Amino acid sequence: MTFALALEQLLNGLQLGVMLFLMAAGLTLIFGVMGLINLAHGSLYMVGAFACATVAAWTGSFWLGLFASLACAAAAGAIVELLVIRRLYDRDHLDQVLATFALILIFSEGTRWMFGSFPLYLDIPPLLQGAVPLPGGTQYPLYRLAIIAAGALVAFALYLLISRTRLGIRIRAGESDREMIGALGVDIRTLYTVVFALGAALAGFAGAMVGALQSVQVGMGEPVLILAFVVIVIGGIGSIKGALLGALLVGVVDTMGRFLLPKLFVLFVPPSQAGMIGGALASMLIYIVMALILAVKPRGLFPPAHA
Amino acid sequence: MSRETVVNFILAALLLAVPLLANAVGQPFYITLATRIAILALAATGLNLALGLGGLVSFGHAAFFGIGGYAAGILATHGFSGEPLVFGLSGTNQMLVIWIVAAVTAGLAGLAIGAISLRTSGVYFIMITLAFAQMVYYFAVSWPAYGGEDGLSILVRNQFPGVSTMRPLSFFLICYVVLLAAIGLFALIRASRFGSALQAARQNPVRVATVGIRPFRIRLTAFAISAMMTALAGALFADLNRFVSPSMLSWHMSGELIVLIILGGTGRLFGPLAGAALYVIIEYALGGITERWQFFLGLILLGVVLFARGGLLGFIAGKARHG
Amino acid sequence: MKNLLSAATLALAVGASGLAVAEPVKIGMITTLSGGGAGLGVDTRDGFMLAIKQSGNKDIEVITEDDGQKPELAVQIADKMIQSDQVDILTGIVWSNLLMAVAPSAVAQGKFYVSTNAAPAALAGANCNPLYFNAAYQNDNLHEAMGEYANKDYKKLFIMAPNYPAGKDSLTGFKRYFKGELAAEVYTQVGQTDYAAEIAQIRASGADGVFAFLPGGMGIAFMKQYAQSGVNIPIMGPGFSFSQDVLPAIGDAALGVKASGQWVKDLDNEANKKFVADFQKEYNRLPSLYAVQAYDAAQLILSAAANADVKDTEAFRAELLKADIKSPRGNFKFNTNQHPIQDIYVTEVTKEGDVLTNKTVEKIFTDHGDAYAKDCKM
Amino acid sequence: MVEPVLQISDLVKSFGALRATDGVTLDLHPGEIHALIGPNGAGKSTLIHQICGTVRQDSGTIRFAGQDIGGLGVAERAQRGLGRTFQVSSLAPEFSALRNVMLAVQAKQGSSFRFFKPAMLDRSLTEPAMTVLDRVGLAERARIPASELSHGERRQLEIAIALALGSRAFLLDEPMAGMGPEGSKTLTRFLDRLRQEAPILLVEHDMDAVFALADRISVLVYGRIIATGTVEDIRRDPAVRSAYLGDHD
């Protein structure tokens, strides 16, 4: 294994981690402030991707599409919050799981109704096409670097939002004491809608970014959703910092596992067997990591103090 | 007799009457549909023990359902081919043996998964059970020996002493009796000392510890029993379809099992049966009308969660009573 | 390879259309019309129904149901179709795992199964069945063709497929014909959407070509990411990775990719020209491989129904075996295991105006059967 | 001198910079009611939590019936006979009063792993439970779900549960809270008799009840015991008057 390959894989892990963070940040924020477990977060990711692909196809501009993905996902989030989610805050997790499971069915089949069964096309904008040289003599796709940068930017913006703004103060207040914040005269219903829409927008943004890299199709949100849940559970539900570190951990572990495990097994069994066993183990790896972490720290790595 | 008892009795009688009638008029498909209802109700009754009585929202019971299915599939395959399984033991096509193997395997898996998962609570518990089920799922998908993603066909349905299992009605009756036995067991456990402790641990875990009952052990035991019952359903499901695949292990399956319970009414004796019947009928009826049936299923589920919290039985039989 | 039936294919080449049929035939089509794989099922259904419609045959009844790509649902529908609707023939399943759940028990109950796509090795060899026909190919065929093709220009290949039975069959089929060196043999996760880790390995592998079997969304994701990676090693794969249903979503990244197929849109025969034109007219899009396979399956059933009563299993089977159809694929006949013997082509993705499609490069196999027929004793 | 049932020495517990329990030493003798009083925020809850095991002390020892229980969990302490009642929560709110007490009886018998015999038909559970309910005056309300009992009845149920557990000492956390004057009087009479069963560590705000019942009183202020003594001692103690009674009366 060369330095160049290791560096490339590390970047791949980072990039996956950053994407997961965009999903996980919204999930964990919504849980932290409203105490809601939202399985339909993956559907908002899908909404973002479809909005971006559709608008990009109409206008020919990825950037307009990206803007549309933020707007549509936030709007979809706000509507869902107003119609359904706000009735769930004082319910137990079981009801929340069920209702948002139902939302997945509605979103998926509804999207198929509107867009048909075939995947949509969404290309990387010309500005970010191609690859750039890396130290070690290899190349790396510019778009993936852009994703890493965008993710870092969002993380920083979230940090500023929460630590420096009025909205952030209210969010923090909501996290530590839900009754208190109402007493402070904050319109809690509006705050919840705003937080939910913010989380939705982050998911939609992630969906659009990834849509250009993968295929825009119904059901694309579900694998990401489960990974995002793994991330926030590892990080400690409700903690943005936990979500960031959890996302990077999952991204790097998953990428490195897929890359290194088959190589490891080559030492013991023939190559085609090693590929299969290594591949099988790699696909289970993050779940194993999660189980190990929870066995030792049942509330994740960075459990919020109040919960 | 309370109203709920009457409703329960009617449900049980209907589930028996429909296949008998279908058999009489030569519509065997409705027997298959009723068998499916019975098996799903059995799986959900298993989950109901953990979820309804114990308050343990397991989002990973598909793991046990699938383990039961694979136990049946693998044993039957070896029974058919004559190749020894492990340690020189051979496969079998006897349902009774398969059931025991399925239940014991799932019970052990339940103990292992429960021992780690029950250290957590709330959302963490939901998610860690999901993670364990995903682990089993990916293992099944990528393990080549038993078909991987393609699954495993059981060419001939397994045998039950003195019964021709290939006859739809006979197989239905087996499932029906097993379901009633499981519901009976559920009722016994609910009323027993163990059931008292389990339900109290759901209602007030901290307080239960202060009287000297350790919730962890109670819950772990309940989780394992629950896993065994669900695995039994998995084994029957494999025999119904004469086929096992990783889709039995997918997180959608876990979600569906929870859906069945909520649809019927959480923690109720016949909730899983009511839920399974409703679910299968919705799936069949809507599926016949539109390809978009999942959309409408979603709307119905949402409606039940938001506006009809007691589920079907809550709607018909009123508020749940506790002893 | 035994060509017992070559004589049969020379029998009167009567088109199915317009022939009056004495006995009604009830066909149950189970295919995927919802969920992620619905595109393939929609093409299957549309191709099949095009042939039925063209035949004008009023005695053929087709019941279509959606399996949602779930094996247990497919089984339930099959039970219903057999027990309740009393169909004579089942068809339409796209995926091997669903087929394995349905076909063995359907034929055990005395029903015909004519596969429009899925063709697992398990049903082609020792477990072949007189009532099971495959109108598409055998799973290994297209991979074998690429293995043969790769022998010409490539010395060292990087090969990859998802970690499931069809993926393993794929690489096995490829290796059966490819004589060069393997840089690596990689199994990816089923449903995987990010291939950065694999692309990095390809870059570092020193291979001079890549063979990838990644159907559906997996292929779309891989190709788009590969195009951005700056790696310039040529890609090849079996036809379904670059079929008409996924090409629009991959976009220009697919241009120039070599693939294999037993059918190409530009094949120069009358049946094909008519089929492509009719399909486009009817559905306003280009047909895919799946549409052709289903179209031929319907033609096969129509041709047999024209000359035999479906209740007379032996006679109907004999008529099916004649494969008395004009396939858009050109030559088509059945092998001893009732899987096709057909020509296989290498294709290249090109652009016609704004539309991406495949064009023929060369015929790589003539009258190609499969490796499992010799194990089939019927 | 008779050995104390419960003996707490030099107990310390800090939360960050805050010393919630600051070297508390306290004991409980057989047959006595020892009241623990103090203003809000004095650290009474934290102390109770440490005694029953939900919070682990930083240092110091807790001895119960001659054994060090400072390292045991909640359930083990309860099994050894440390009976605690709660301010608000019921054991199993959905269950009837009877089944709540039966749960305590079965816990005492250490036999929760019986799966088949219906508990309601098990006379080894129902009879002791009914006896206890009768003693606390709840026999007629035995079939009512705990969540539907009145405030005072729930308190009686809590005591019934502690009795059923065969507790060798009671830890009563504000039993009078939320009771009307009539209820308070009834309960006071009941507690007066209860001390013969086992000694009581009583945390209470209702001073009338405390002065009527307590054999000894300890006053907790800012995590420290500032005085311990008889009712008369405490009434007279100047430190107590200024620190506590001063701002109460």
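By written order: A, B, C and D. Residues from 1 in each chain.
Keep this in mind: a residue touches a chain if its C-beta (ideal position, glycine included) is under 8 Å from a C-beta of that chain, and two chains touch if they have at least 3 such contacts.
Remember, predicted model here, so these are calculated numbers, not experimental data.
Asker: On a CA-centroid basis, which chain has its centre farthest from chain D's?
Answerer: With centres defined by C-alpha atoms, farthest from chain D sits C.
Asker: Counting only Cα atoms for the centres, state how far chain A is from chain D in Å.
Answerer: 49
Asker: Can you give the whole-Å distance between the Cα centres of chain A and chain B?
Answerer: For chain A versus chain B, the centre distance works out to 32 Å.
Asker: Taking the mean of the C-alpha atoms as each chain's centre, how many Å separate chain B from chain D?
Answerer: So the centre of chain B lies 44 Å away from the centre of chain D.
Asker: Chain A to chain C: how many Å between their CA centres?
Answerer: 36
Asker: Touching at least two other chains at once: which residues of chain A meet that condition?
Answerer: 109, 112, 276, 279-280, 283
Asker: Out of chain C, which residues touch more than one other chain, so two or more?
Answerer: 33-34, 163, 168, 187, 189
Asker: Which residues of chain B are in contact with two or more other chains?
Answerer: 138, 141-142, 144, 292, 294
Asker: Please list each pair of chains that are touching.
Answerer: All touching pairs, sorted by chain label, are A-B, A-C, B-C, B-D.
Asker: Where on chain A does chain C make contact in their complex?
Answerer: Its residues touching chain C are 2, 4-5, 8-9, 12, 15-16, 109, 112, 117-121, 123-124, 129-131, 138-144, 210, 212-220, 223, 255, 258-259, 262, 271-272, 275-276, 279-280, 282-283.
Asker: In their complex, what parts of chain B are in touch with chain A?
Answerer: Per the touch definition, chain B meets chain A at residues 51, 57, 59, 116-117, 119-124, 126-128, 130-132, 134-135, 138-139, 141-144, 251, 255, 258-259, 262, 266, 292, 294-295, 297-302, 304-306, 309.
Asker: Which of the residues in chain C come into contact with chain B in the complex?
Answerer: Result: residues 33-34, 65-66, 68, 70-72, 75-76, 79-80, 83-84, 96-97, 100-101, 104-105, 108, 120, 122, 163-166, 168, 187, 189-190 of chain C touch chain B.
Asker: Can you check the complex and tell me which residues of chain B touch chain D?
Answerer: 188-189, 191-197, 199-200, 203-204, 206-214, 218, 221, 322-323
Asker: Can you tell me which positions in chain D touch chain B when the two form their complex?
Answerer: So the residues of chain D touching chain B come out as 52, 54, 73-76, 78-79, 84, 86, 89-96, 99, 102-104, 106-108, 110-120, 122, 125, 145, 161, 165.
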